[in-house]
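Letters A, B, C and D mark the chains as written, and numbering starts fresh at 1 in each.
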């Protein structure tokens, strides 16, 4: 934003008033530029400051995201900061019908309402396990149905959107595809709710505009998912940005899910960061679980066992 | 760590066992390298895996930090994850004796036990206010004493260590000086507890080794302070790394304070992130407050008013 | 790599020999781990060091990239560090047949052999110009043919790969799609040479493995393109990583093109960085040009005019 | 900068003219904000655009750096983009008088005019070799004098500034101390030329303001040194930012030295990046050399041998 002063205005007094509103100012001839890391503020409040001639605001680059309801309904389950926090859990990959059903049966006892698992896996290496594909979609759907859970799973290819949309309640866009605009358009056209993971070095603006692509092309709602950004420190797999979560939740009023499993890669830090995410304003958390982590086809080292979630459930009940 | 296999060992079985222990593995001839973002584990547990010949561990680069008690005493106030969480608060700069006393009188009512404020200010510009210096040290000391608070304040110069040490209970090393080894040595020699802020792009290893400098040279204890790292996104001032906080608190057992004010620069996000910090394992939080943020000589846009802390105090009581 | 010592070996002497080979060492019981930023070295040279029992090397994660010829032929034009450096140039977007032809006619006079221009544009905003699509492919193809140039253009969608492959000599994968594995597979199957831009925060390993996807699925060759990575400094659009270019060119023997236009976003820095790229080992540079930058539909501020390339051409002739 | 339009101005026409000047624009009511990664431009040229009412420019935050001559004289050797490029070289640490003299004797034959070497070493670990201190200053001074070289060496402590200033021609501030303002002030007061290394994640603005501290407090000139910034990729030690070098050299007209040894940590990439640095506009390069890298007390893996510089010298002669 830019604040233009009236002739003869007391610039120092205006600056003090701007600071009172949490605004970082850069002085220029005749006014101030307000820096991006200022607190959210109603421009009308700034226009009312004595000495202010006008306040220029750039039009929002994500009007449909702004207009979205703060609670997104996913097949009957509301997701948003003012709804009860949701737990999403399950294995990295869907490995067999028996296993996903077994895991689901354990998770549901801990209050998990969304069953996660990948049928199509984005893997850094072309030689790594790429997922069991369509068969796996049937396995997770049936497991979820047996336990009255919702299904969230990733779609990686434009050609598979319709297929995945038949099985999933919530379509996931992975972090590697946040700026794959062809996929965003195709997924939007499926007219379902979408969970959009932030890419590894996306700005908040890029992330929100990716959400705008989804809504413009027809998505029924967008839920944002923070899963850690790229870091220079090797002791956690990624760097969890809960400031971004708080920003989206509190300043933008958007539903945000946090994935502490990928954020850290460390089983010993997943639960503290899940608690932190909820405290920061997340609408829920997504946690990888596996009944035998050592046998997991991918990401076993970061997987909890389903029963480990009980500590989190207790925390959530206490925090209500 | 490196895990060497016995001849004829079943490498797949060993790998599964390592994953069960939360270890990320890179296969090599005859063994595995364990990646840095693996969960903390007792090497003895890995040596007990059938088929494992030996486990090589590099010696710790921060043995005195490892040996430090999980609770550091600061003039009678214990700081650590297992002690009651502490609140540190006050203005960015100490502006006058009357003002710091007034702020202190309000903060103490909200359970704040440490009064903060800068007498010497590290400013990016040589033309910015550099702090009121020695006079300000007297002002904050007397204000703290009147309200039975402890003083935490920054020391920036080797030549001022003795002076600051006379007034402060807890010596703060700012993020710009985390790798100023001449200062670390001088501060260590003051034989007091030190709060060491992480520099803007420090690795965890560099941060812990900076703590080691302090202890080797005589500091009575080191408390680590995360205040946000450098980010590419302009909508928060820095990027708060609560994964690092959880790591130090839970995997290393160290006392960590979180500064959500500098981490975000946004008054509207300070309290959610303070709650998140405590949930992640922080031993306390440091929050900038000012009775008239518009008049603050520095960092006013991110300052809360003392009374804003009441929401945090309620949260802390509820979370006990 | 890991170096295991013989019993009774002189570890200090082995360490000195490793350092003589440019290796950074981490000492462990009975050996050394060699750090990733060590110089490239033949493991056989390390095995020959007295006192060394064995050297363990992880198998390459990109064997087909390793096996690729250092020179990739693109419809008769060789690209590689040992071939003459190539110039690729043209507008950000293909705006009309007349304009692309006019630009091409000027570029060819400056030795530009590849005509670039986007028919499908990846734009951060869904409301921004998205490219003229298939029509534009015809325009650039005919312009290139009239001036004996090759066509390099981006493909963004799995569904458009065959279409783009009919018109282009070199298929470009944009930085936003470097980890869009569905697209990499589809483009690989077109069996043409591909120019793979590095994503904004990709590691070298991730970039090379993305190239491996292309080759595994049938690409006839992969040329890597560095276009700047994400940075915290706003005064350049991105941060050009010429260390990565030198690494791929000199340690891996791969063809690398550098795009200084997107790397800086600054017209005033494009040519110095183009020269630097060639000095670092790049096989060529790709530079955005437009005959009327003020009218460009995208990226006009960073576009040079075709005639500006003459200074670069002179430099290249002098450097031969 | 901000561009304010006249009432009834044709905003589109003004925008086109701004783009012609290489400016990235953000539209607002009645004008444009120009983004930081726009090309350098004379505001007067923008004020002359038809339809422009006014152009607001924030005052420079580093007026003394702006006013500095583009060539800094270091005891008779001019350093600047328009002066002959200078070579600075020598070992990481000064290890003995005999060794530094031997290295100097070899370097001088390759046109090296500045002998480098550390007497006080900033080491990440308190247990690592910290330098030979004052004795080493005498060793390097005498070696330099015998070979008609200048001395550049680091000063780490306020208390040692006078001592180092007696021996050195050019005082070096290391990257860890770029924001150690107490040291900057003390070094400025020595009234000598200073080489200021960029810290690991400094913005350009922070770097220039650190230079301003030096000049305000009395330094006779500031030379900037880029040595690589923090990166997430482990295959180079740091990430060399030659865009920053081009920016300072070409847009600001400042003398910049590049240190490719610390930037990469890889002996096999030092020379290509030294060439690239000079092509980007550097006034010179600083390269670590050692006669027996395996015996170096620090940084041996990245050290070249003095005779390796001959390839660079040939390149520099050819490029004149």
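Here is the rule we use: a residue touches a chain if its C-beta (ideal position, glycine included) is under 8 Å from a C-beta of that chain, and two chains touch if they have at least 3 such contacts.
This one's a predicted model, so the numbers in the text were calculated from it and none came from an experiment.
Chains making contact with chain C as well as with chain D: A, B.
Counted as hops between touching chains, the shortest connection from chain B to chain C is 1. For chain B, the chain whose average C-alpha position is most distant is C. A separation of 31 Å divides the Cα centre of chain B from that of chain D. Per-chain Cα centroids separate chain A from chain B by 27 Å. In this assembly, the C-alpha centroid of chain A lies 41 Å from the C-alpha centroid of chain D. Those residues of chain A in touch with two or more other chains are numbered 201, 205, 230-232, 234. Chain-to-chain contact here is organised exhaustively, every possible pair of chains being in touch.
Chain contact summary for the complex, chain C toward chain A: residues 61, 122-127, 156-160, 176-177, 179-183, 200-201, 205-206, 209, 212-213, 216-217, 230.
Those residues of chain A lying in contact with chain D across their complex are 2, 26-31, 33, 54, 56-58, 230-232, 234. The touching residues of chain B, when paired with chain A in their complex, are 15-20, 22-25, 35-40, 201, 203-205, 228-229, 231-244, 246-247, 249-251, 263-269, 272-273, 275-281, 292-296, 300-302, 318-319.
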